[in-house]
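Order of writing sets the chain letters: A, B and C. Residues in each chain are counted from 1.
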Amino acid sequence: MSNANPLLDVSGLTKHFPIKGGFPIRRTVGAVQAVDGLDFSVAEGESLGLVGESGCGKSTTGRLITRLLEPTGGKISYRGKDITHAGRKQLAPIRSEIQMIFQDPYASLNPRQTVGKIISGPMEINGIEPTGGREKRVRELLEIVGLNPEHYNRFPHEFSGGQRQRIGVARALALEPKLIVADEPVSALDVSIQAQVVNLLQQVQKDLGIAFVFIAHDLAIVRHFSQRVAVMYLGKIVEIADRDDLYGNPRHPYTRALLSAVPEATADDVPARERILLKGDVPSPINPPSGCRFRTRCWKATDKCASEAPPLVQVEGNKPGHLTACHYPETDGTVPAPRLSKDPQAAA
Amino acid sequence: MFRFLIRRVLGALVILLIISAVTFFLFYAIPRDPARMACGKVCPDDLLAQVRANLGIADPMPVQYWHWLEGIFVGRDYTGVGHCNAPCLGYSFANNQPVFETLKGDIPTTISLAIGAAFFFLIIGIGTGMVAAVKQGTFLDKAASSFSLIGSSMQIYFVGYIAMFLLVSQLHLLDQPSYTPFTDSPVAWASGLLLPWLVLSIIFTANYTRMTRSQLVEQLSEDYVRTARAKGLSRRSVFFRFAWRGAMGPIVTIFGIDMGTLIGGAIITESTFSIQGLGLRAVRAVTDSDLPMLLGLTMIAAAGIVFANIIVDAVYALIDPRIRLA
Amino acid sequence: MTSTDQQAFLSVRDLKVHFSTEDGIVKAVDGLTFDLEKGKTLGIVGESGSGKSVTNLTILGLHDRHRTAIDGEILLDGKELITARESELEKLRGNKMAMIFQDALASLSPYHTIGKQIGETYRKHTGASKQEARARAIEMLKRVGIPQPDMRVDDYPHQFSGGMRQRAMIAMALVCDPELLIADEPTTALDVTVQAQIMDLLKDLQQEFGTAIVFITHDLGVIADIADDVLVMYGGRCVERGTKQEVLRTPRHPYTLGLMNSMPTLDGPVDVPLSPIPGSPPSLLNPPSGCRFHPRCSFAEKVAGGLCSTEQPALEVVGGRGSACHLTPEQRQEFFADFAVSRHN
């Protein structure tokens, strides 16, 4: 919930990647509007889920928060301090407090370093010498993430995918961070392993009071992990709310469609929810639709949606903290949206 | 595609301009007086000053460079020495001839050497690589890999002399290397250059065997090759229409680099076989301290390499639509 | 899965696929049996290394023949495929049996247009002319819902979006109206809304043409959506099979149960930890003795005499329903009792 003193506060966050082109001299001819004006905050110890489909800008957002990317516009504050364009030196003390966990446990660990070296790396870089020495700390960390401390001298290839992701978690924990940005931390893992890592992250979050920005496309996992969830579409947040409000009372048509598309492992012949089949593809972020970006695939869209971008506000019927960017929000009693034609003609 | 080519050519011209400027200033910063060479062995001071003025050597360096550039497009008069027609790359006082007039005769020789060698090493290298890829892990594959390793560790001045000694002097199988223009007699052209071609192929083939093999092995394990097989296409058509297509790009790239190596390596090749081309000319220009000639040679070699790369890029774009349509 | 004596359309009997690698023999599939009727969908569930993808490459004969030893029977419409000559298989592939893959971008040739790739299959099997093949490709693109098919037919795969590429791949697989379609994780790389579109498309096409579909996935939700029968694979073996209702409502194998319990849902409890399966999937190079799941199984110690680690449980199938587990039905009833409660509260 919008805390008076949030750990992380983001307003109007924007990232446009320039596109080069033109003739005969190449110049910037346009921009991929990857992230376009995000407002959200994360309280201390809170977990915010960021969901959306590929290309919605959720990973870019993660990289902006950790300042792996330079924002084009907007403001990022960490503990009230503006870090939007902070340089290397200014970021140094904050870098240790904001850590990242990556998707690919195979690519994100240096294969030529031992586990001990990988996990103690952040301490070395930041010149931190914990009491009892770095090795002792690494062994503690291995224990925390459920690995054998004796494996200190092993190399990443000696571990399975799930174990490697645990190493990634241990590395992120090494500096006792206050905020971890986890970008699809389980999607590369086998189903039976995913739950192990989700449980580990959840335990870490609760025991150590670390705030999370949990980026994932799997709505069920995000629901399980996050207290608050933001749904992104084409670089914008279309809805943000407490978990139960978002999943129980989705007000944005896109949230509703997204939830309805998740296949459920039940054997009932009639599915619990009417499935809304969206037509066509997500439009290009180079040239997003005017007004509401979802309107080209929305069954409720009118002229107003094309001319006027809906603000992200607490629409009527929302609980406090539940914000929706839609001119015609769904209501709980809404007749399930019409089953749309399978013909994706519209989005050529 | 057209835009792509235009852009690359413009870029290439800029690169050549930079190379010429750097080379020009480097060479002319050397304290050696071209006027003294032009003037002859016995040269009184007043005559020397006269020559210097005629040659424009008295001008400041940027002005000299500007005149040099101008000469390429409109030609240039060297008062008291002679006229140099466009494209004028300078005047060689050691040779008493415009640089380009001298080099004009050498270019076909060097190009013939490079193209002929390329013909052999491409056919042999790619062919062997294909066999090795198809017969992966067999004796043939291992033999091809071993031979290519041995070949690539050879040097021209080593293999070249041994080959000349054995094949020409002892066994009389091949002619003494020589250059006859193709237009005069294609047979004499080929038989005169056959030995250098073969020797160059031994050294260059290996790269192509290795490259072709590894590329094909990689391509054959690509998902789209599996899809093509799942469609019912035969092994043969999958090999040539899918895998080979994908393998070609990197091979073309290597070829572009090797064309540069061949032109740059002409010095050693031509010295070894005593064939008069750009390479041997460069050797003489160095011994004579013939700076205008060296500058001209540098420019011609640079132009050759830069434009070979443009052709490679264009061919790459033709092969791969992802580059063409990006 | 029928239990009649009549030959099913696709019948796999005791299939074993072993490859030799530098480290030893990998038993990728170790005794697999199933039947599939026309117009039906068999869902094969399994994780990495379960042998599910190998099984299907073997049906098409696309495995590496030099390194692979195959035993058993694969009968397609009564024709034995394992012993079939390459030229015979080439006539069947893309024609009578077709396959769609997970990664459509990697699985389509970057060097040829979509239309050419679709038309090529058609020409190969029907001998049609270039013009006819092109017309057919446009028709297929239209059928799978690609807008402006007459324009897009000349595009290259990289010019398509992810969902459209998967549609194009389906068009390519279906161009000769195959009777058997093998779909290997066709929606795994796609977003949920696109996944929903693709599954709908597959169901429609199946209804129209009566295609038999083998649908491989690790996602039980997808299985619930599309399959008629389900086969759960673990470590190269089938551990459980039955109709979708049977397997999802009353799983009999601890692995199936573990998979279902480890998946979070959109309406389950959130403040309790998930119940993961401990450990990792087995190495097929050196699989565990006895039941391959026993090192990860929470019930193994309840079986008398340590049977799970010494003896491989047999897959007993009655009426198409079966599981390979040493637990007695009574034990199962007792231990699995919580399941229904935890799923549907």
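Keep in mind that, in the parts below, a residue touches a chain if its C-beta (ideal position, glycine included) is under 8 Å from a C-beta of that chain, and two chains touch if they have at least 3 such contacts.
Given the structure is predicted, the values throughout are model-derived calculations rather than measurements.
Least step count on the touch graph, subunit A to subunit C: 1.
When you average the Cα atoms of each chain and compare centres, the chain farthest from subunit C turns out to be B. Among the chain pairings, A-C comes first (most C-beta pairs in contact).
The centroid of the Cα atoms in subunit A and the matching centroid in subunit C are 31 Å apart. Taking the mean of the C-alpha atoms as each chain's centre, subunit B and subunit C sit 55 Å apart. Centroid to centroid, with C-alpha atoms defining each point, subunit A and subunit B lie 53 Å apart. Interface residues of subunit C, counted against subunit A in their complex, comprise 47-48, 145, 147-148, 161-164, 191-197, 199-201, 204, 218-225, 244-245, 247-249, 258-260, 262-267, 270, 273-278, 280-281, 296, 343-344.
By the touch criterion given at the top, residues 53-54, 160-163, 190-196, 198-199, 202-203, 217, 219-221, 223-224, 243, 247, 257-267, 271-272, 275, 277-278, 280-282, 342-348 of subunit A touch subunit C in their complex.
Looking at the complex, you find that subunit C touches subunit B at residues 57, 60, 62, 66, 86, 90-95, 98-99, 101, 103, 106-111, 120-121, 124-125, 156, 158-159, 169, 172.
Residues 137, 222-224, 226-235, 242, 245-246, 319-322, 325 of subunit B touch subunit C in their complex.
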